[in-house]
Amino acid sequence: MHTSERKKCFKLIPYDSLISILWTGCLRAMLFALTWFLLTDGVMDSWLIGGPVVLLATIASIVLLPPFSWSFIGIMRIVPVFLWRSLYAGIDVARRALHPRLPISPGLYQYRWRLPPGVPQIFMANMVSLLPGTLSAELADEYLCVHVLDQTGDFISELSIIEDYVARLFALNLIADRS
Amino acid sequence: MEAMTSLPLMTLMQLLFDTLLGFALLWLGWRALASPDLFQAIVLFIAFGLLMAIVWVRLDAPDVALAEAAIGAGLTGALLLTTLARLEAKNRSKSALEKKHKVWLMTENVKLKTASFLWLMVILMLLVSGLVYAVLTLQEQTFELQMLVSKNLESSGVSNPVTAVLLNFRGYDTLLEMSVLLLALLGVWSFGGIPKPHESLPGPVLNMLSRLLIPLLIIVAGYFLWVGSDAPGGAFQGGSVLGAAGVLLLLVGWRLCIRFVGLPLRIILVFGLGVFVSAAVVLIFLGRQFMEYPPSVAGALILLIEAAATLSIGITLAALFLVGRPEFRRHK
Amino acid sequence: MSLNALLPLLMVLSSLLVGLIIFFLPEERAGIRIALNLAAAVLKLILVGVMSWGVFFYGLEYEFRMPLLHSQELILHADALSILFVTLSTILWLVTTVYAIGYLEDSPHRSRFFGFFSLCVMATVGVAMAGNMITFLLFYELLTLTTYPLIVHRGTEEARRAGRTYLIYTMTGGVLILTGTVWLHAIAGSLDFSYGGFVSDLVDEHRTALIAIFVLLIAGLGVKAALVPFHGWLPQAMIAPAPVSALLHAVAVVKAGAFGIVRVVDDVYGVEVAANLGVTGPLAVLAGVTIIYGSIRALFQDDLKRRLAFSTISQVSYIVLGIAIAGPLATIGGLVHLVHQGVMKITLFFCAGNLAETLGIHKISEMNGVGRRMPWTMTAFTIGAFGMIGVPPLAGFVSKWYLGLGALEVGQEWVIYVLAGSSLLNAAYFLPILYAAWFKLPTDSWPDERAFGSGETAWTLLLPAVITAFLTLAVGLLASMPFSPLHWARFITTLEYLP
Amino acid sequence: MNTLYLYTIVGVGLFTLGLYALLIHSDLLRKILAINIMGSGVFLILVALAARTQGAVPDPVPHAMVITGIVVAVSATALALALVIRVRTKVGHANLPEQSLE
Amino acid sequence: MLLSEFFTVILLLAGAFFFLAGTVGLLRFPDVYTRLHALTKADNVGLGLMVLGLALQAESWAMTGKLILIWLCVLLSSASVAHLIANAARKKGIEPWKQ
Amino acid sequence: MEIFYLSIAFFLLLTLLAGLWRVLRGPTAADRMLAAQLFGTTAVACVLLLAQAFERPVLRDVALIFALLAAVTAIAFVRRAWASGEHSDAAK
Amino acid sequence: MLSFLLPQRVKLLGLLIAAGVVAAVAALGWQVAELGAQRYAIGGWGAPLGIDLYADGLSLLMLMVNAVVCLGVSVYSTGYFNRAYFRRSRAIYFWPLWMFLWAALNALFLSSDIFNLYVTLELLGLSAVALVALAGGADALTSAMRYLLINLLGSLFYLLGVALLYHRFGSLDITILSQHIEPSPAVWVAMGLMTSGLLLKTALFPMHFWLPAAHASAPAPVSALLSALVVKASFYIFLRLWLEIFPVDSSVFGELLGVLGAIAIFWGGVQALRQTRLKMLIAYSTVAQLGYLFLAFPMASYFAWKGALFILLSHALAKTAMFMAAGNILHFGGHDRIQDFDHVVQYQPLTSAAFALAGISIMGLPPSGGFIGKWLLLEAAINSGQWWLVIIIIMGGLLAAAYIFKVIGYAFTQSRKSHQTRRVPIRMEWTALILAIAAILLGLIAPWPLAIMDIGLPFSGEAAG
């Protein structure tokens, strides 16, 4: 059991591309350095500790989360959408909660993936929980089980739109056909 | 705060806030101890920890708030939940016993006789009134020690007075306290290895979460370590954040530690204490007192000690979370 | 530290070391054990000789001091009184050792027995040579502890019960003495024995306290001395092996108690102070009661050793009586009886042991005609018994004579009646034994006869009895010679009454 | 005097509450909770008193003491919890037999 | 009142409103899943708005960054935790509430 | 302004306490945990407000810790306390 | 002074450290004896700011007896934890835990800072609990649990007292506090809290209920330590506080303590007499002996303190020896039922001797250390005219004699060896014996420890001469 577990932990590491690891490493190191900068308010001395820590964090991050491809434009596109949708989600849920009649008709729905397994699916699953009326309840390779607050609403198209955004973020092509 | 107090409304608001918080604390404490369901009690206790942290904030004790938030609210809660799970797992596996002690999850108020209950009440009332009286009649605070702290802050090597007290002025306490931590781990280990809980594989979401959080936790731990010297923070806060990272790894089912569970792990565990003691002892050979850090290098020295301590504390806390000794034989 | 200081210490240490060594000897090394025991006894004898010489002729102070408490020291010293007691114990010890070697042949746990035996000597010598109350107390308690294993030596249920009784009595006694001693220390600040006592200055101020202390001390010591209300343990302790009984009665425990009373009255309070406090009178009465009571009880015992035990209760009180009468002559009588009673009683016990060991006789009713089977033993027994009764010129007579004179001297005639009555009773319980032993016809077989070669019994058993019987004769006959017990007792008394 | 005294009294309350619960409950886990709450009460008193002078910077020494205390408490709690598990494994239940404290 | 302060007040009030809504949802909604909805969405929006409001008052960019970092952390955790709890509830066999 | 921050914090505290009702009611362990989760978020907001109110920026670090560690408890719950099987009140 | 820990947990190392600590204590002893009370400022800050270590006669003596007992236990444990049935995995934890315990004790006896004392108390308590639990049985675990709770509870009470004292006087140093101290409600409450916390740990009479089980179910060397030193540690703190900080004119309180101590002596003695198992008997005997320590409080005189302290010292030595002897017996015969001792005891003469000699000291018979202590107490009681104390002391001694001879009696009973016996390593027997002899010798060298007690004049407030 242990060995299999460990294999699972490491199987995602792609040994083929050292360069991609380095590149990602640099990027993440910069990201972490930025974080450090934010935390410490940019005091110069702090890099005495910050340097090693960022290095350590980067290594941990690389080991734990192998590089994946993504696109900057994708991020730029998804952020405003996400912000808006999640704000809307909040308003939506607040409305339902505060409404005297509690207008909900919850149910489960299995949404078939067009995204490939791995990081994109997980990202999507997390996002779904923050979108209006939906909550990811189970993640399988083929489908995402979504709990919806209002079955009557059009949440399916919403999901598929978001899926497109996510696909673009990870620079992926969606499986064309989702029967 | 000086400016604010002039505003009566502010004072009133503070009073309101404090009263609410105080009552909330008492109520939570009472419920946590009296609720019929243990799980509920633990959740309430976690909430209690959160409120405590807010209280520390309110009392202008950010260092304590950090420690409470990290250790009290985070790790203790996780530890309690895990223990509860273990206990229940055992409960289930022994159905005969379960029958016998079916009620063990319920509150088992020992049936006190009315008389002894009254006595207890009387004693507790006495305690309360005595304490309150004592507290309320306390004279004005003496600031001698506080003055001393701020006067010597210069030569302590750090500018956060709490850190100065913890690691320099009263470093000996801290040294002993780290021993307590290590000792607790030893004690836990000495109870023998505890079989691994039967657990399923982590789902991908959890997996991802931990993978994202851990580097972040490492950075934050480093941050607290660094910031400790002139702002609230320090080895314990950093260490507990690091410990949280370790706990997270353990929770996700990460078992890399099997590889170095023997000597390397133990070396890391005593590393902090070791550095602390060696620094202190080396100073003796340099003709100074035990733990007397020369002001010129005190800052660096404290940072060094704290770095080592952070590492050790983090790993120790994570190891404590296992609530048992990792098996030794595996790596043979 | 001078040699003189070393001598008393050596007295104590010799037994201690021997005892400890013996503990670790394997059971089989009987030879070494015997040699060690005898060597220690002989060494002691020599030391005693040297010291008594020094004390008597040169007035030397043999004293060893060691600080023990803030103001108290451990003092071992040899004054005349201690020499008297030490001499007695040393000589009798030597004899008893020989006896015990024979008696315990082939029985188990001999190392343990002889180990404690030696420690017991150590304690007795310590009691004898104690220079202050605290040292006395120390060795006194040690004596309790070391005799306990000897009493329970047989390991039977009965023996354990006897041991328990013994402990209950002596421990209680011990704490009484402890209390008294501490109290005394608190009042007087000093505990060192000195001729004529050391509390005379305090009489006015602390009269009640002093009386209370006296009562405490005497009650505590009375337990070991088996004064009447405290005597219960002694008959039970008969369960111990014969040499132990012999010791308990003649030398160690009972005598230590009596000796302690002597010390308290003479060297702590001083006879005059004690008399002044009015405590000696009741003590004398108590002793008188004990004498009569013990004799009467003895009369009704069929078990030989029990009869001897009650006889001891009675006889030891002569010593106490002598001291309590508080006159010079009576003191002499009491002191000399300390020795005489020891010699006589040990003889009797040796003989009883011989009978039990050789023929299995434990009861008087079984003794018919035993004189013919074991003439030597019974001769010794007869001498001892006559001594006890007080037949002149045997040892017992001398003591009783002085006691009587002493009583008359201070005008306490009632003592004479006690003495006379007691002597009559003595005769009443000893003579039937002698009659049965010598003149009745023996039964067909003895309860449990063992063969010891050609003699009537083993020589190691017989010899000690004969020697002590001889001593009984000798101290009586030669009472007026220098260095006789009587002589020493006079010497002591002069010292006591001089200041 | 300032409003922070309130917290001192809350601390006293928590301490007593924990003590009471510690005494009357036989369940071990709850006893451990009770001890922790008592500890919090003590810490609260320590820190609240440190800030009792209006407008002054609170005394850092009690803060340091409380941090030490928290670490000690967490160590003790961890040890206690491990012990509870052991007790449960060996004894079969996680209670202490009734004990009379009063 | 400065403009930024005005916005801050508005944003904080809005945030508080969402917190209230989340709590009401937590109390009113009928089962675990629906309550999770309330929790994740309303609270995150509430916190987001508050962060935004406070960021307006922040004295430095780093402070703003830190606030946003906190928010992101909460976002990440609460989304993941919501998923985990929902998932666990499903595995436990807790059926969603139907009207 | 400080009063305002404090009032908002007070309000948050109130909602937090209201949420306690869920902890007491349950019915499932998950519900209670959920409520604890809510407390975490609320506490973050609360601490941030207090930081602003008392002008102690360092307090934000406390909020940071809350934010980071809130997940740990929940994960412990999901992975251990609840994953290991039936909880006594799950059947209710 | 702090023996810190290496991961290599081997006996040899343990012994080396033990020897090292003993040497250190000896050196300190020499220093204190030569130069008087020593004060050492850790970190060079000095008392109000930093933490001071302080060694006067009192702490030196505690350290010394600590060193002797601990050395003994170390040697004993090399044998004890070798036993076949003691799982190695358990045994290897003994040493580090043990070293922690020892370090905690040393630190405790040296500290002069009340918060530092709290930390050392916790260190002590936790290591003691872990050691009790090392035995692994159901009894041991339950009692370890209870012990842990009691420890934590006591510590919290103490800590609350510390909090009040600190906030009243703004210092944590004992000496400084003693200079500033003046009665006020806070001080009284702090005193009450600290007293109850410490007495709970010291297991004074009504709060003794946890002790017998914990001490009886622990592994033998651990029981020895607990009885000999751990309970004394909290007593030591209590004594220090009492002598230096608390207002001296608290005679009613002292009387109360004395009465409790008296009840403890009786109750412990009677309970000990009723026990059927040896270790329980010894544990109850500890309860009784602890009672003696509190008899000094109503008298509060120079001699009384010294007497109590002397009893403490000799009890530490004697009780260690006793528990070791019990451990040997248990190991040899596989049980410690007193009524079946005849099969066991007499085949272990050394062990029996150790038990008997230790018993002499416990009973307070001369020339043991216990005797000296009892003597001093008695004298103090008589001097102060408190006769009820005299009676208590006397009766306590008799009770002790009763329960000890209840055991010793079996050593002389003839019986056959029971078949299931195991060999006991000879060094276990010898260690017990040597410690017992030390308890006896303590009485003979009494002036020496008594003189040490005067260094730094811990009792100067009451010194009557």
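Each chain carries a letter (A, B, C, D, E, F and G) given by its place in the written order, and its residues are counted from 1.
Assume a contact is a pair of C-beta atoms (placed from the backbone, for glycine too) under 8 Å apart; a residue touches a chain by one contact, two chains touch by 3 or more.
Quantities reported herein were computed from a predicted structural model and do not represent experimental measurements.
Averaging Cα coordinates per chain and for the whole protein, the chain whose average falls nearest the overall one is G.
Averaged C-alpha coordinates put the centre of subunit C at 67 Å from the centre of subunit D. Centroids built from CA atoms put subunit G at 61 Å from subunit A. Distance between chain centres (mean CA atoms), subunit C to subunit F: 87 Å. Distance between chain centres (mean CA atoms), subunit B to subunit G: 31 Å.
Residues of subunit F found to touch two or more other chains are 16, 33, 35, 40, 64, 68, 70-71, 75, 78, 82-83.
The residues of subunit B that reach two or more other chains are 1, 14, 58, 60, 75, 84, 86, 131, 135, 138, 141, 143, 145-146, 149, 170, 173, 177, 180, 183-184, 187, 191-192, 203, 205-206, 208-210, 212-213, 216, 220, 223, 227, 253, listed in rising order. Touching of two or more other chains is recorded for no residue of subunit C. Interfaces, counted as pairs of touching chains, are A-B, A-E, B-D, B-E, B-F, B-G, C-G, D-G, E-F. If you check the complex, the residues on subunit E that touch subunit B are 73, 76-77, 80, 83-84, 87.
Considering their complex, residues 303, 349, 353, 360, 363, 365-367, 371-372, 374-376, 378-379, 382-383, 390, 394, 397-398, 401, 405, 409, 412-415, 443-444, 446-447, 450 of subunit G touch subunit C. Residues of subunit B that touch subunit A in their complex: 201, 203-205, 207-208, 210-212, 214-216, 218-223, 225-227, 253-256, 258, 303, 307.
On subunit E, the positions that touch subunit F within their shared complex are 5, 9, 12-13, 15-16, 19-20, 22-23, 26-27, 32, 35-36, 39, 43-44, 46-47, 50-51, 54, 57, 59, 63, 66-67, 69-71, 73-74, 76-78, 80-81, 84-85, 87-89, 92, 94.
Listed in rising order, the residues of subunit D touching subunit G in the complex are 15, 19, 22, 28, 31-32, 35, 38-39, 42, 45-46, 49-50, 52, 61-62, 65, 68-69, 72, 75-76, 79-80, 83-84, 86-87, 90-91, 96-97, 99-101.
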